[in-house]
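Next up: the structures, one after another.
The two complexes that follow have chain A in common; it is paired with chain B in the first and with chain C in the second.
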Partner chain A sequence: MALRSCLIPFLQQLGDDVSYWGFFVEYAPKMASGAMTTAMVMGCSALLAAVISLIFGLMRLSQNWGVQAAATVYIEFFRGTSLLVQLYWIYYVLPLMGLTLSPFMSGVLALGLNFGAYGAEIVRGGVQSVPRGQWEAALALNMSPAQRMRRIIVPQTFTLILPPMANLTVELLKATALVALITVVDLMFVAKQINATTWLSAQVFGTALIIYYIMARFALIPFLRWLEVLAARKVGKA
Partner chain B sequence: MSSAFFAQADELSDRINAGEPIRLGFATAIPWAYPGDNGEPLGFVNALTLVVLEEMGITNYETSVNEWAGLIPGLQAKRYDIITGGMYILKSRCENINFSDPIGLFGDAMLVPAGNPKGIHNYQDVIKTSATLVTGAGFNTVEAAKKEGVPESQMMLVAGEVEILAAMNAGRADAAVQTFFGAKEHVDKSNGKFEVTDPADMPDWTKNWVGIGMRKSDPEFLAAFNEAMAKVIGGQKWMAATAPYGYTEFQLPGEDASTAFACANR
Partner chain C sequence: MDTRHPQSLPDGSPLVRFADVTKSYGDLTVLDKLNLDIAQNEMVSIIGPSGSGKTTVLRVLMTLETINDGVIYVDGEPLTHMPSGAGLEVASESYLRQRRSKIGMVFQQFNLFPHMTALQNCIEAPMQVLGLSRDEAEERALDLLQMVGMDSKKDQHPTRLSGGQQQRVAIARALAMRPQVMLLDEVTSALDPEVIGEVLNVIRSLNSEHNLTMIMVTHQMGFAREISDRVCFFYEGKIAEQGSPEKLFEDPQNERTKQFLHAVLDAN
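And then the complex of A and B:
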């Protein structure tokens, strides 16, 4: 009931001035090209975040005091400050220090560094959750620490970290909308531009919501599920 | 071809001489400056800038569409080379960037609901009626409202022109203050829901000149730009390029207009 009373004004507005399909036919190609950019920002930053998560997650577990401290400082900094501020900093401030990255690169870097910091903590938690017995068994088999990590611990870690990582990746997809603020022509940027010239806010942002949902629900999540199954099969849990 | 203009070259002139495109930075503020479907530069400030650049022999350009409040930081970060957003020449801005000679003289006005139920024509009326006044972050009107004594609690700052009309449409503010041109554009879009007040009702000192923003480190380019502009301003090409956006001879800056005066007094 409450949902219906929320939706009705929205749907009415959709039907109002212009027919929604007329709008859709005219602007779908532009929004689709924006969505492509969003997918590229998302793909590149997810890759960067994954690499960073793994490296810094393992560094956090290092016996070496210096390595551990470096990882802690990195994670604390990027997790403890605002993503939007980091984005502006890379886009507006780094050039003053002589490093000018393209808007696309700035966006990917900020998102990758920020989400990598969260991911590193997931990796650390995952490694620590591998049952004690597995560590001891590897030791009993006379494996070196590196062998133990590579052959026993890390493969089992994947099954543990993939569900929370999938969560983070969906979050990352939606966070990519922030790159519109540093002139990357992504889905959000295109939506804002269409809104600025047509004022069809309900149609534009409604469509953008649906596109984000479709990207998350029908492309990203099935892919991440597949990865989870794959990882489980590798360690004989499927 | 364009190299003739630059006796002593700064970084921007060097770039242009090397055949690289000049990059225009602006926000979405119809009819001042806004992007077309493929990012092409529309609006009268862009249009007249292109006339001047053509006079300089520069026809190779790119565009960058930004948030209004990000225009000056983006220029300083060398994200683009000149600001064609339609910026008033203000003292606070002159401290950070250079401006070309004025491209016109413009005034602000209030956008109010049709019939102006609260009778708001200027900042003093806003204070008297305790109305909520919406404007854009980084707009000249923010400083003007402060100088006129509008308390911060009555001010609502949004990201730009688009959000101003959205706030008015949603009934979140009683009045909006923006350029007369911007307000007129909003009236046309609102199907009679809003009206614009007479710009003459606004304090006289808020009328101001607009210039093209440039980095302080590009003085030779600025000089060359001004020289070329002096030849075309108010001419047939200039007027024809800007007419579709509502710019008329009444907006021309006038003989005694000077950027130095605006920098010192506005």
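And then the complex of A and C:
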């Protein structure tokens, strides 16, 4: 029932005002260019988040009290506060302190920092779930602490953390819609613009939903699956 | 097999010496003022009930665990402590690494690196730690893999190998570092009965053909008796009795040894 009551206005509008096909032909190029920006935001912030995850995840495991505390504070802060507020802080408050970033940069930074904090906890968990025997075998071969981490532990961590990381990446894609609020001209921003001039809300946001879904389901997820298979092959499991 | 006799170092000191070594976890004392000397080329088996501290002897010697008191000497120099002025202080990482290079260990659970093939497992540390070139490391590793009968499987990942095969690769991996002392920690305990023999054969050939000092924790009484120069029976963190295999297995003096051997031999 709920589904039908949602769909009826949409279908009515499709029939009444203008054919969906007409709408699509006119606005598809604009929405496609918005989608490209979304993909760029997503790609850059995923990269940033991955680097941050690795660095702060390993810092969390440091023997050094100060290093560990710094990582903990960072993770607590970015996981414990709202992404939208962080985004506004970086875009509207940092300039008051003399640091002005473009909307795109602000968006990538906020998403990267926020998702990096979640990712760091995944990395920490991954490193800790490498069996103890692996550390011991590497030590018995007289490898240095850095060699143990870099050559033995971290490579094994990848296969363990890829599934939760893939989940987080899909979340990230959907979270990129927030950057529209700081004037990044992404898919959501374009959708709002078209809506403001045409009032074809059902067509506009319906199409946007479908594009997000296609990006996640037919581009991002197959790519992440491929990475998992690649990693599994590396350890001789596939 | 008696072409080979345990020898002391030229200066008469043992290759490995435990001097009043104590290891405890909270209230639980695992090694209680342990004194144990092991001569060069000696093959020592450690037997005893579980919880008697057998495996801990190997783990503290490999520096996988720290000790609470006493000193371990390897090749005449302290292992976990370094000379400082007149006394000793706790060893730094670089000092530890230098001393640790004399020791190799094979684990009950093999602990091969799953992301590397058999060959890569054997060349990793020689290249990273000893600084060998890939060619040198591969030559050394292939010789060893051939010795343990695993050269035909050199490009397989550990998940594709049986337990016995993995353990043979693990032995080759440890030998590739050219240790003076090999520690074997219940190396057949995780294996199916039908593959235990292949691993024991490798250890037999190591013992007879290589100048290697070995300390073996084992539940294989028959094998310990056959191969050892000396057998130590551990009880509550101490050596309750030690001696030649003939003496210890046929004429044990200590009540605990008698009980243990009865129980174990009855089970077999």
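Please note the rule applied: the second predicted complex is superposed on the first by the 225 of 238 C-alpha atoms of A that agree within 3 Å, B and C clash if a C-alpha of one lies under 4 Å from a C-alpha of the other, contacts with A are read in each partner's own complex, and residues count from 1 in each chain.
By definition in this document, a contact is a pair of C-beta atoms (placed from the backbone, for glycine too) under 8 Å apart; a residue touches a chain by one contact, two chains touch by 3 or more.
Everything numeric here is computed off the predicted structure, so don't read it as measured data.
After overlaying the two complexes on the shared chain, residue contacts for A:100 are found with chain B alone; chain C is out of touch.
When the two structures are aligned on the shared chain, A:85 is found in touch with neither chain B nor chain C. In the superposition on chain A, contact of A:133 is made with chain C only, not with chain B.
When the two complexes are overlaid on their common chain A, residue A:193 makes contact with chain B while staying clear of chain C. If you check the complex, the residues on chain B that touch chain A are 28, 30, 34-35, 37, 39, 64-67, 70, 73-74, 76-79, 161-162, 165-166, 189.
By the touch criterion stated above, chain A contacts chain C in their complex at residues 131, 133-134, 136-145, 147, 151-152, 155-156, 159, 234-237. Taken together, the chain A residues at the contact with chain B in this complex read 30, 91-96, 100, 103, 181, 183, 185, 192-193, 195-197, 199, 201. Residue ranges of chain C in contact with chain A, taken from their complex: 62-64, 93, 97, 100-101, 103-105, 107, 109, 111-115, 117, 124-125, 128-129, 156-160, 170, 173-174, 177.
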